[in-house]
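We call the chains A, B, C and D, going by the order they appear; numbering starts again at 1 in every chain.
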Amino acid sequence: MSKTVVYEVQVMFGDCDPAGIVFFPNFSKWMDASSLNFFVRCGVLPWRELVKTRGIIGTPLLEIHTKFLRTATYGETLQIHTSVQEWKDKVFVHKHVVMRGDTVLCEGTEVRAFCIQHPDDADRIKSIPVPEDIQALCS
Amino acid sequence: MSKTVVYEVQVMFGDCDPAGIVFFPNFSKWMDASSLNFFVRCGVLPWRELVKTRGIIGTPLLEIHTKFLRTATYGETLQIHTSVQEWKDKVFVHKHVVMRGDTVLCEGTEVRAFCIQHPDDADRIKSIPVPEDIQALCS
Amino acid sequence: MSKTVVYEVQVMFGDCDPAGIVFFPNFSKWMDASSLNFFVRCGVLPWRELVKTRGIIGTPLLEIHTKFLRTATYGETLQIHTSVQEWKDKVFVHKHVVMRGDTVLCEGTEVRAFCIQHPDDADRIKSIPVPEDIQALCS
Amino acid sequence: MSKTVVYEVQVMFGDCDPAGIVFFPNFSKWMDASSLNFFVRCGVLPWRELVKTRGIIGTPLLEIHTKFLRTATYGETLQIHTSVQEWKDKVFVHKHVVMRGDTVLCEGTEVRAFCIQHPDDADRIKSIPVPEDIQALCS
């Protein structure tokens, strides 16, 4: 069974929209933070360190798919339950379940690839195969 | 053929992340703005007006699905091409294509429902069938 | 001496800019969240409750003044130390000190007024004198 | 008299808070975007180019001071009128006036310094005197 790491978020007033509920792209932001937290908690260095030693700038997103089931508002504390659903050769699939206690608010998957700065053009990035040591730490 | 409305966005420094590229949830924010712009340009009143006369608070999201093909950075001008891909009884599917001139950066669909304040509880919202007059204006 | 309430923030990747540091308006967002937390922790109901019983929609800002002393980055935990520096008849002055452990990162004041929906125009807001009971709870 | 450059912003739904008005830190974000636009329009290269040739990473903020006079909401178009109020040896003061047509919504000053990556520690930044050629382009 795969590791699951929980990341906690406090919803702020500024996270909410004129309907008084969390503006939905913030769920994506929090899933992204939970993805990074997942790697750090599994023992992977933060990207700003990894870029120096291995050139890895992070795990940019290729695709997201999110279902919004219930709303949340400011003052609430949410938990993002994050795991890796699937490791492929070139990409991996993150699963995030956003909960408020026992209630599921939002569920999503992210397809991500490990990327480095392009060797020929510092302005571009380039995906690499999933590093085996990182996969081992996170499985 | 369905109407397509284009919404233009200027990428700001604050929209970009430590990798120097647009932080991906901003694409969702811009698609959302383009969704609202689509309705206004089709002749629908902004939600803050509709809520007064018809109780409609907006079109909250049920689901999003987005593919990220190319990155963008600050100083660039992007165009969001927005249409309705499908009208169903209770929901509709928005399609958004984010372009930088001729280059597709990002594509996504949103499943949305028209919602009103819940008649029994001002703190909750309730979906309603797609209003026929609004569908007619937008088709 | 006035009450001080501490609000904790975890810096996310998406809070940081292309320089790799917290994008400065986020400090304002966090001070705002800490202001609201201050009132709730002092025993004041959240605005979405107060608006129902007393029409108070919150404490919109009239003025902010912030000094940025040191940067922060993602993965760090910050503490916002919030108090009321001065209560006046119509406004009050919040003081926020953003710290990372013993290090001061950022200091700011906010001038705020309690506001209600305008009795003659639901689209406008109107400031009211600082409510005495709220001031008493927070002093 | 100093140059004034105007930057236009369209307020999005996601820029607004539960009170239905622009969440105030967005004014700071827009002033920041207008600061960068000011330099680009005066003929200075964007920071991501300048960092390559001259090591200049941008003009981080030391201090902001903002007054909020009127609110704005989504669907509105705002104009940020930006100039340099004062050039000092080590810092300069930006002035931003946010208008909606003829109406002033918000006014602010920013104290900024030109910064480079610290020569001894890539993780830190270091302020430099205001570059004379840049000041000349912008005056």
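Please note the rule applied: contacts are C-beta pairs under 8 Å (C-beta built on N, C-alpha and C of every residue); 3 or more make two chains touch, one makes a residue touch a chain.
The structure presented is a predicted model; accordingly, all values stated were derived computationally and were not measured.
The set of chains in contact with chain A as well as chain D comprises B, C. Judged by contacting C-beta pairs, the busier of the interfaces B-D and B-C is B-D. Centroids of chain C and chain D (each the mean of its C-alpha atoms) stand 23 Å apart. We define each chain's centre as the mean of its Cα atoms; on that basis chain B and chain D are separated by 28 Å. Measuring from the averaged C-alpha position of chain B to that of chain C gives a distance of 31 Å. Annotation for chain D: residues 13-14, 18-20, 23, 25, 29, 32, 47-48, 58, 73-74 touch two or more other chains.
Those residues of chain B whose C-beta lies close enough to touch chain D in the complex are 10, 12-14, 20, 29-30, 32-33, 36, 40, 46-48, 58, 73-75.
Against chain A, in their complex, chain B makes its touches with residues 18-19, 21, 23-26, 28-29, 32, 47-48, 57-58, 60-68, 71, 125. Residues 13-14, 16-20, 23, 25, 48, 52, 73-74, 122-123 of chain C are the ones touching chain B in the complex.
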